[in-house]
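We call the chains A, B, C, D, E and F, going by the order they appear; numbering starts again at 1 in every chain.
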Amino acid sequence: MFYTDGKLQYPVRVEKANPLFARALQQAIGGIEGEIRVAMQYFFQACGARGDPKFRDLLMNTAAEELGHIEMLATAVALNLEGAPLSLKEQVANDPISGAVLGGMNLKNLLSAGLSAMPVDSDGVPFDMSHIYASGNIAADMVANVAAESTGRALAVRLYEMTDDPGMKDMLSYLIARDTMHQNQWLAAIEELGGGQGVFPIPNSFPQDQEQQEFSYAFLGFQQDGSDPVAGRWSQGTSIDGKGSFKAGSIMPMGEKPQLAPAKPRGGAQKEQM
Amino acid sequence: MFYTDGKLQYPVRVEKANPLFARALQQAIGGIEGEIRVAMQYFFQACGARGDPKFRDLLMNTAAEELGHIEMLATAVALNLEGAPLSLKEQVANDPISGAVLGGMNLKNLLSAGLSAMPVDSDGVPFDMSHIYASGNIAADMVANVAAESTGRALAVRLYEMTDDPGMKDMLSYLIARDTMHQNQWLAAIEELGGGQGVFPIPNSFPQDQEQQEFSYAFLGFQQDGSDPVAGRWSQGTSIDGKGSFKAGSIMPMGEKPQLAPAKPRGGAQKEQM
Amino acid sequence: MFYTDGKLQYPVRVEKANPLFARALQQAIGGIEGEIRVAMQYFFQACGARGDPKFRDLLMNTAAEELGHIEMLATAVALNLEGAPLSLKEQVANDPISGAVLGGMNLKNLLSAGLSAMPVDSDGVPFDMSHIYASGNIAADMVANVAAESTGRALAVRLYEMTDDPGMKDMLSYLIARDTMHQNQWLAAIEELGGGQGVFPIPNSFPQDQEQQEFSYAFLGFQQDGSDPVAGRWSQGTSIDGKGSFKAGSIMPMGEKPQLAPAKPRGGAQKEQM
Amino acid sequence: MFYTDGKLQYPVRVEKANPLFARALQQAIGGIEGEIRVAMQYFFQACGARGDPKFRDLLMNTAAEELGHIEMLATAVALNLEGAPLSLKEQVANDPISGAVLGGMNLKNLLSAGLSAMPVDSDGVPFDMSHIYASGNIAADMVANVAAESTGRALAVRLYEMTDDPGMKDMLSYLIARDTMHQNQWLAAIEELGGGQGVFPIPNSFPQDQEQQEFSYAFLGFQQDGSDPVAGRWSQGTSIDGKGSFKAGSIMPMGEKPQLAPAKPRGGAQKEQM
Amino acid sequence: MFYTDGKLQYPVRVEKANPLFARALQQAIGGIEGEIRVAMQYFFQACGARGDPKFRDLLMNTAAEELGHIEMLATAVALNLEGAPLSLKEQVANDPISGAVLGGMNLKNLLSAGLSAMPVDSDGVPFDMSHIYASGNIAADMVANVAAESTGRALAVRLYEMTDDPGMKDMLSYLIARDTMHQNQWLAAIEELGGGQGVFPIPNSFPQDQEQQEFSYAFLGFQQDGSDPVAGRWSQGTSIDGKGSFKAGSIMPMGEKPQLAPAKPRGGAQKEQM
Amino acid sequence: MFYTDGKLQYPVRVEKANPLFARALQQAIGGIEGEIRVAMQYFFQACGARGDPKFRDLLMNTAAEELGHIEMLATAVALNLEGAPLSLKEQVANDPISGAVLGGMNLKNLLSAGLSAMPVDSDGVPFDMSHIYASGNIAADMVANVAAESTGRALAVRLYEMTDDPGMKDMLSYLIARDTMHQNQWLAAIEELGGGQGVFPIPNSFPQDQEQQEFSYAFLGFQQDGSDPVAGRWSQGTSIDGKGSFKAGSIMPMGEKPQLAPAKPRGGAQKEQM
């Protein structure tokens, strides 16, 4: 169950409303690296967590935090949009040189939402909930969460660099810090689950003698001229999961050209295919 | 540039065609954990890789491999679909007991593709290329790749458990092995990039003294009753990135209820909002 | 800001796990009438509410409730999925007559989520956040909310009729009651905003003398034979907003066939179009 | 069956082509408040209308009208796009000061459609037919239609305010009038169906003694501190449907933390979850 | 402008309601080969047609026809759904052997639409209007229309083969005939536009001396071993557009490995990329 | 199986980086006429090709080519983005007159991809793999391919006209030439399949005596006033497939207003519908 107090986790202040920056902030709400994604991802992972209940608690707790981040950003977007003109005439009056404000906005923020935030990204594309990765495998989920917080912090840093507004910089410096924590938090959860050698390969419950082990630690090359692929840590030494040794080499097809049966007589193909 | 020889990377054999398993295999083609996703993700990461060119080469090489995996799976789907009835009458004739084959298929595989594979998931939902994570940050990309291969291997394991067909089990045991390698491969790339303490927090180029460091390693609790959140590795000890110490505690709102300006006079709101 | 206690708003009990009913319940999570929709819709309406702050409070309060409903339903889905077979073999063993369980499920619940709930509808289609209607007009939002709760209650009733599980019926009888309240709640908000004659036409801030008033209360007929359209309350009497009188009649085109300029010489059209 | 005469319902005139306004008009074609939505929504509601056939006739008649509105707007978009430059060079030549026309357009209108309208919104996002609400419940459909026409009129008003072109203002004053009528028309249909007390709660066919009536008219508070939620018409007095009395209070969880079974042994989870 | 008479273009009769066939028919409504697609495609092509107005008339006339086909199919879906059970209990009672009807349906047809048609395909995926191809090039549009009617007729044939219901077979034999006509109709339009040698390459307005003509009629081989690609009409003889001669050969890369600049210092990349 | 050499099929050179042109080029990557579409379309058609294997080889060969075109364009996008400012301040410094660069970009190219290409169109909308037309009918596939290359060449021509950069013009002149070839190539395949009279109507395997032949070559008019539809090649003479003669005339409905059964008692409708 969720509760609210209607207040903001951290102050949101905009000194000079900037509709173009409102558009950029939308990426942090409805982009694939945004806050809806992490809030809902942690929420659904929590709802499906099987095994030790502490992971459910951990996930649901942070889901609650991320909901508050959407709220902060939606407020920031609305405040930045207060500088938008409502008409082409007003635009030219306010901004005789560039005349580009309306063109640079997500117009839906004005036309569809009346100068409010929307669950869309910085190009106005709505968030699609297929981006909620909740796999039923707790370790895979934790890796997905590190990934989400990594792209999320890269985005927050880019927004921080984009703006000069002190209020916005302050808010973003807070969100960047939270992303630092959340990267570490999910890495810590991986450590609790056994660390690299305990966790990988994910899922660790599949008996590896049932996979084609000849190929389990082989770095295969797909270079047109049959040369070896680029060397690196991935081509020699003990594998990161500690269960094999890397080797490298080029590949040859082990299968032939596939042969499908002819098309069925009444299946809508051309008669030449039958 | 890409080249082909039209052959399969590994043999694809179906002993008893099973249209329901064809539907399940579609998840490995067009699901968010599927092969289109990794092929295109590595491809776009390669195209945008800035810095040491070895990462571009590494990524593009494995993109080529994954294209071959789509080809293998698409062949497996087509072969499994060869057992599908084309009519409700034929269905009942072939399968008097269950009568459920047509109902259990993705009907589009029959109606739209004529018993072939499609770039859709196991419920017929087309793959959406927004799932291609290519962030411009090479470390974030590598973490996203570990995540993709983790959910990918979980999926391959589930498919392996679902089928009894020896040919399909053989093919999947190969794909599972490749996922083992690819998890290790991207983890090895993270090691080359500096390992956990060199890489995190991602991006490592942002000066941490510009984030609100008081909150960078704090595990905040959002429990309704103000109690501490669930303890674990994430609440004490050195942070995983080695740059701070975890602490824990409950949170209080630092901001107030937000106040937006009244609606503009001619902006399509109700007059009571102005 | 949001808080949680990890508990369920109302008990969720499944006596006999039924994977097909799990699929049906997904509609109440990720369908367009589902709980993600209302939770996020009230949340975004709250974040953008301008004018009297009581509407922000009202909306955010109920957003918190709806988040708890997603949690209840996600739990119900996971419990119902515990009856699913993991293999085609297991399926036939458990269910020799129908053999239809796997075919009738959203396969993604098994393959992608490991027997957990997902933010998708009953056919496995992910929820698309464009369904969050938050218009910046508080009255339009309230009408959209009545609409959402109306389709939502119709869905809950259909689920109630579909199942025989006493636990599920109990949970749904609670959710149906909440939908009753929420329909009334948003209707009450419309009453506070002035009721039918104060609120309509939405937005009430546009001066009606600037619309083509001849057509503001005319029920126009588009019958091929020029006959009058079907009569009803909409064709006579005072209009519902109290600002006009209904009249009816067939229409004739007031415009001509449109004429566009020829294609530009170097714009990618055929030369015959230029 | 549908017929056409190729003419416009109302004249469409553009005095000074403005590609940015063309982009804004796209919202009225392919936005969620746009004309494709209402045309197709009334059409599908008509096709599925069960019960008194007058509602089918009413809906199909207005579907025909809305098709004509798409036609008007598509013409307006094409005419406004006739001012667009085809090259960056031409842009600078025509518009030395702002140089922003191409950047402010939906580029697809030029690149993909050759200066024509498309079924996309003002940010170039294609219309998704999941927005066609046709529930099989005639009252829910009518409420959804009032909602559609309310956001639709808000949009038309915003477009009216945005433009200075007399032709466009004239066209929009007509469309605004039609939205006034359509709001009233669907409200009139609700009156024919019994008005507020006859229609609500929707569906009115579910026996209310089967819902958890203790919660049917209770305004529940989800405030973190347990305080009462914001008071209003929704917290006291007779309910709007006339079937209960509003009451208010804070909520306590009635359920416990959910407990799912451990993960199945061969289901792709980590072994720690089993 | 559009008009209606509410009648069906051709009789729609269902002798034995079959919910699974209703699902299949949904592909002909909301599939990419379905009637929404052609209706809206011809409509938008008409609205954007520049040049000789006869093409606008031709397109809008057939758009009206296709709207009537959606209506026929939506009726057929609703009639077929009348055989669906509303509960799992009713299902078992009616259908003791298979028990598969609910599992084989698009559940949304029941849960979301109350046994009516929806603008979705046979797997419940909503139609996405990005499939409306209207390019601003009249010849490209006509080819796209031939393509649409070709896949459309293949679909109608598959539906015809799937069903045994005489009413459905009758309706489909009509729709198949109309698809025959429409394929021919758009081919006839191509003939009016100049036929193969006049029309191709599309667009015919681009001066071919500005393309890299060495590659305009060369069938390039991308075989890994450098061998010639498969021979056929495409590798020798006069080109189909009459403007060149086919030749064939394998390709070598003409460009080098691409080199991007290092990442910018404050752009969210890792410092190793800078 | 696929191989790579990491090199570009044709040189990609940008003399003056232009972020707005980067946005335009995105349409050629992730637009519906773009290279992802053709690469994946030919790939999936190849994987499902039944009948003479030469078509599989032809399709897979060209799929490999198109993958290389995505690579070229992604490189071109990244190079053009190198001119983008990272901050609003930098923007004004570099571009004091227009200040429109950031507003005119797809912001995701900066915020989400760090100045790299993405699989999105010119308005930032991700490519949706439902655009992969692979029908199981080889002739329908070939027509779809001609259509794809026709809109693709129109797009390339528009991009060629838009830019003044000599490097970009050179690259596009190559891609335009390849589109010329590919249009001809798929037309040549149609000729191999029997040409217009052998191939049409597609599918040619359906016995035409089972369609309602009275309507197979009739150009029906849907004019509101019952007049004949616009005359042309489509209304007289031998049909293009050589199997009938065109005729023309207006239509009358052959069916009545449809009648659905009343709503079921417990199906979530209003009681007035039952």
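The rule we apply is simple: a residue touches a chain if its C-beta (ideal position, glycine included) is under 8 Å from a C-beta of that chain, and two chains touch if they have at least 3 such contacts.
As the structure is a prediction and not an experimental result, all values here were calculated from the model.
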Centroid-based (C-alpha) most distant chain relative to chain A
E
Give, as an integer number of Å, the spacing between the C-alpha centres of chain F and chain E.
10
Chain A and chain C: spacing of chain centres that average the CA atoms, whole Å
26
Considering chain D alone, which of its residues make contact with at least two other chains?
1-9, 32-33, 47-48, 50, 56-57, 61, 64-65, 68, 71, 75, 78, 86, 97-98, 100, 103-104, 112, 114-115, 120, 123-126, 128, 130, 135-137, 139, 151, 154-155, 157-158, 161, 202-203, 206, 222-224, 251, 253, 257-258, 260-261, 263, 266-269
Are the chains arranged, by touching, as a line, ring, star, complete graph, or other?
complete
So in the complex, the part of chain D that touches chain A is made up of which residues?
18, 20-21, 23-24, 27, 31-33, 97-98, 100-101, 103-105, 121-125, 151, 154-155, 158-159, 161-164, 222-225, 251, 253, 257-263, 265-274
In the complex, go through chain C and note every residue touching chain B.
1-5, 47-53, 56, 86-89, 97-100, 102-104, 106-108, 110-112, 114, 120, 123-126, 135-139, 193-194, 199, 202-206
For a test of understanding, state which residues of chain C touch chain A in their complex under the given definition.
1-9, 30, 36, 40, 43-44, 47-48, 50, 56-57, 60-61, 63-65, 67-68, 70-71, 74-75, 78, 112-120, 126-130, 132, 134-137
What residues of chain D sit close enough to touch chain B in their complex?
154-155, 157-158, 161, 224, 266-269
Residue positions on chain E within touch of chain F in the complex are 1, 3, 5-12, 32-33, 54, 57-58, 61-62, 64-65, 68, 71-72, 75, 78-79, 82, 86, 114-115, 125, 128, 130-131, 133, 135-137, 139-140, 143-144, 146-147, 150-151, 153-154, 157, 160, 173-174, 176-181, 183-185, 187-189, 191-192, 196, 200-203, 206, 208, 210-224, 229-230, 232-234, 239-241, 244, 246, 251, 253-258, 260-261, 263-264, 266-269
